[in-house]
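Presented below is the structure to which this report refers.
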Amino acid sequence: MTVSLRRDAPRSRSGRLLQRIRKGGLPYLFLLPALLLELLVHFVPMIFGILISFKQLTLFFIRNWTGAPWAGLGNYRLVVDVHGAIGSALLHSFVVTCAFTVLAVGLSWLFGTVAAILTQDSFRGRGALRTIFLTPFALPVYASVIIWAFMFQYNNGLVNELLHNVLGITSRPSFWLIGHNSFFALVIISIWRNWPFAFLCVMAGLQGIPRDLYEASAIDGAGIWQQIRRITMPSLRAVNQVLVLVLFLWTFNDFTTPFVLFGASAPSPADVVSIHIYNASFINWNFGEGSAMSVLMLIFLLLVTAVYLLGTSRRRNNA
Amino acid sequence: MPSGLGAGAARRAGPRRRGRGRGRGRGRGLMAPPPSFIWTRRIVLTLLTLFALIPVYVMVSSSLKPLQDVTSTFRWIPDPLTLSAYHDIWFTVPLGRYFLNSLIVSTSAAAASVAVAIFAAYAVSRYGFRGKRIFTTAVLATQMFPGILFALPLFLIFVSIGNATGIPLYGSRGGLIITYLTFSLPFAIWMLTSYFESVPRALDEAALVDGCGPVRALFRVVIPAALPGIIAVTIYAFMTAWGEVLFASVMTNNTTRTLAVGLADYSTQNNVYWNQIMAASLVVSVPVVAGFLLMQRYLVAGLTSGAVK
Amino acid sequence: MRIIRVSAVAAAAAAVLALAACGGGTATGGSGGGNTKSTTLTYWASNQGATLQTDYSVLNPQLAKFKQQTGITVKVQVIGWADLLNRILAATTSGQGPDVVNIGNTWSASLQATGAFLPFNGSNFAQVGGESKFLTSAVGSTGAAGQPPAAVPIYSLAYALYYNKAMFAAAGIASPPATWSDLVADGKKLTHGGNYGLAVEGASIPENIHNVFILSKQMGGSFFDSAGNPTFTTPQNVAAVQQWVNFMATDHIVNPGDAQYDQNQSLSDFAKGKAGMLLWQAAGTALKADGMAAGAYGVAPVPVESGTPSSSNPDSMVAGINMAVFKDSKNQAAALKFVNFMTSQSESVKLNGEYGSIPPITSALTASPAANQEQTVLRNVLSTSAVAMPQVPKESQFETVVGTAVKNLFADAASGKPVSAATVKAQLSSAQQQMQG
């Protein structure tokens, strides 16, 4: 990661000093636009958000938000108090979110990777399949979630029709949007929306694997399954490292899917954290409390990401 | 290990030809896959196709139903069939305007995001410099803060900038473009970095030896080699902007409203036009899916040189 | 190289486009001129008609008339319900908003607490016609008691019982139920062969909260004490919630499938004759869209526990839309003029007539006869027996937490779990604790 590019051939038309400045400054110049945009849209609002978490920014103060009184750790005390209603609900919802994220990310990644590997070789209809697999990604979220909500209806939904009437797997129709199944409904919709992205990334990653690696192993007598295990999967490690992290953060913070599916009140088994933060912030207009929740989640995600990056980078370096 | 110089020389010999990737380049080739593989492929791909398409089918069939049939008993084939929703969508809601807004916002945000990310990723993958680790980590950290929360601060910042400079970021497409391009930027940088890393350094070193500047090396060697990754990231950046709801709901007005939130206008105080929501979603998805189709050929292109590693 | 050049050009074009697009829309038209002759007002209208386009075609001629009378131009933006509250939030925090805005009347107390709206104190209220111009029940839903209203009513609605005439006739029921025990008895007669007595929107927060609120009122209960503190677990509230959920759990007159409904499916079930009764606010236009002829259903007041409906034995909450003026408006005088115009007798008759709502203007009610049976019932309910939802700043949070509790209880009922008073109390108690934040 830290090897500098050596440039042995000096260019005649620029002076040595100028060149040294350019050489040292160039990467920063390349980063500048990204840095400025990140500062404007992410960092400053984020710091703003962290400040708000120490403020009592309730509906009584939002009009004159600069004058909102400080709350000290009050907001945090409220949201971490697991014996209180808000804290215990948040803890429950945190556990739900973790379970939801692990399942949804794992399966999205699995579906995407399997699909990408299976469509690596060309065969008839491959182009059509690739487009089909990307279709869920192209449909507007709002309509996609609504259509899944239709499919999960108790009386008239396709899912119950299929499971109960056609295949006869369940003895009676099930509720999908309330009770325990609501968790799985959320997971299924999340997978459906996200696996095309995993597919896309892995497919692009596969293009970078040189063909002669396969040729060499084929000459050594490796079968296709062995090739997938020994060549394809290890070569995808760099892409996977980012992909899984992307999916994880996306899914953990996903707000649109649960919100369109359940509205401002998700059933308890599918009550993810983003809905809590939304309720505190945009329904109750208590931005201090919502920010405190967000900051806690931020700290959690930072920790997870740090551990994940350390773990995966070591594995990559060892490999 | 064959020398990188050779690859560079081969590259210099002429512009890359696109067609070559298809016939012989990628894929495992050589041996015909065993039947176990073929059958796994058939079964798994069929199941995945069903998973991807059944909701799309339900959308299509719902869009062909008269409104009162949409929520009634499920039927695989709607009866009666009507195309009226496809006519009505244009009059219930200014769909054309929303669509145009979405297209402008998403395309600009995606193009700008990828352009900015390419340079940043190039710096990260090819240079050692102080603060690199901080930069990459900080960029990633921005993805951890829930959008729900910084929606309001960002909005206030935009309003303040507007008050101070007269540039109307709030309510304009420009504000939305800046927001969305920044949303996709962190992952775009990270993913492009990892795609760039998979491009052998020998290639751009050779270009530098040949007298190209770093920017030319980037454009002539690295970008073409990482094209599938760039395309994937472009699609990602486009879709991020295409589907975003919360910021669009706060930061647009009736003239700049995007589709993602505009579709909700089909659901009104007294009526929800389900069939029109579905028809409108399908209609607006057609150009996007067509775009995917066009992009595909670049997705399967990529490195053609077989002798780099 | 061709591809690269194309993408570079595209990126450059995008940058240009982005800059050009910055001029795309301006936030507000408040130019702040002291002379009302050249004043332009921005008005955020809520969606009332069948589509947003309908709203424009209803409002624009009226705005033209207003311009003719006063010289004041009004630019209207119709904002869908999905966005309206967030847009008001944005306008409140930034001070960049419209001059005049429509709000859901249950938001009045919350928005009043923010201080974003011009209070209708003595002189401001007088400029829009004074309190006596408006229907008393509707004025009850314009902000906390003892404070000047934050808004004035413009469109009003109330709940009614809709019943399927053919199904009632087939079951031998002569007249719509007047008490809840009658409703259960009739419901049982209607429930057979896959059809049910009553359709409810079991997963919908507003529908749940409105209905249990009224049931509790009929038992003399209240969700807040006079100091504005939550009292969710009083015996009346527990009994009210239990009664509402028991229509499914023990009376079995509601299809268990209704527990998942929150996309107006109960309305379409009723329209298709799968349920004999429905409690709804002015369902007429929606039923028509769902294919039910106006003659196929009857409309009656919502039942009560006993006795007859009155303001102390209410059978509906006061539903409707209020109109407010932003304090940040630079054209307050013109804005008040506009509010006065929109709530004038002739405009009220016209606009409410278009939207099928009830004019909350006393003179408009007397000046225009009810258009049909539905209107007659709704007007009567609104004038005599409707009460406002709690006027507390945390009203929306109250709706969310209690509505969710009811939704959870419906989920239990649907899966066959018993809904005892203790379960209800536990849910309400946890809801109440969440209000502390």
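Residue numbering begins at 1 within each chain, and the chains themselves are lettered A, B and C in the order written.
Note that contacts are C-beta pairs under 8 Å (C-beta built on N, C-alpha and C of every residue); 3 or more make two chains touch, one makes a residue touch a chain.
Just so we're clear, the structure is a prediction, and the values are computed from it rather than from any experiment.
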A count of C-beta pairs in contact puts on top the pair A-B
At the largest C-alpha centroid distance from subunit A we find chain C
Rounded to the nearest Å, the gap separating the Cα centres of subunit A and subunit C is 36
Between subunit B and subunit C, the Cα-mean centres are separated in Å by 39
Subunit A and subunit B have mean C-alpha positions lying a whole-number Å distance apart equal to 15
Contacts with two or more other chains occur in subunit B at residues 71-72, 152, 156, 178, 261, 264
So subunit A residues touching two or more other chains come to 65, 146, 153, 155, 282
Among all residues of subunit C, those touching at least two other chains are 86, 89, 93, 95, 263, 265
Residue positions on subunit B within touch of subunit A in the complex are 21-22, 24-31, 33-34, 36-37, 40-41, 44-45, 48-49, 51-56, 58-59, 62, 70-74, 116-117, 119-120, 122-124, 126-129, 132, 135, 138-150, 152-154, 156-157, 178-179, 181-183, 185-187, 189-191, 194-195, 197-199, 201, 204-205, 208-209, 211, 213-214, 226, 228-229, 231-232, 235-236, 239, 242-243, 245-246, 259-261, 263-264, 274, 277-278, 280-282, 284-285, 288-289, 292-293, 296, 299-303, 306-309
Per the touch rule, the subunit B residues reaching subunit C in their complex are 15, 66-68, 71-72, 91-94, 104-105, 107-108, 111-112, 114-115, 152, 155-156, 159, 162, 167-175, 177-178, 219-220, 223-224, 227, 249-256, 261, 264-265, 267-273, 298
In their shared complex, subunit B is touched by residues of subunit C numbered 1, 3-4, 7-8, 10-11, 13-15, 17-19, 21-27, 46-53, 77-83, 86-87, 89-90, 93-96, 263-265, 268, 271-272, 282, 285-286, 289-291
The subunit A residues in contact with subunit B across the complex are 1-9, 11, 24, 26-28, 30-31, 33-35, 37-38, 40-46, 48-49, 52, 65, 111, 114-115, 118-123, 127, 129-144, 146-148, 150-151, 153, 155-158, 161, 192, 196-197, 200-201, 203-215, 218, 223-225, 227, 238-239, 241-243, 245-246, 249-250, 253, 255-256, 274, 277-278, 281-282, 287, 290-291, 294, 297-298, 301-302, 305
Subunit C contacts subunit A in the complex at 85-86, 89, 92-93, 95, 110, 113-116, 203, 205, 255-257, 259-260, 262-263, 265, 393-394, 396-397, 400, 403-404, 407-408, 410-411, 414-415, 430, 433-434, 436-437
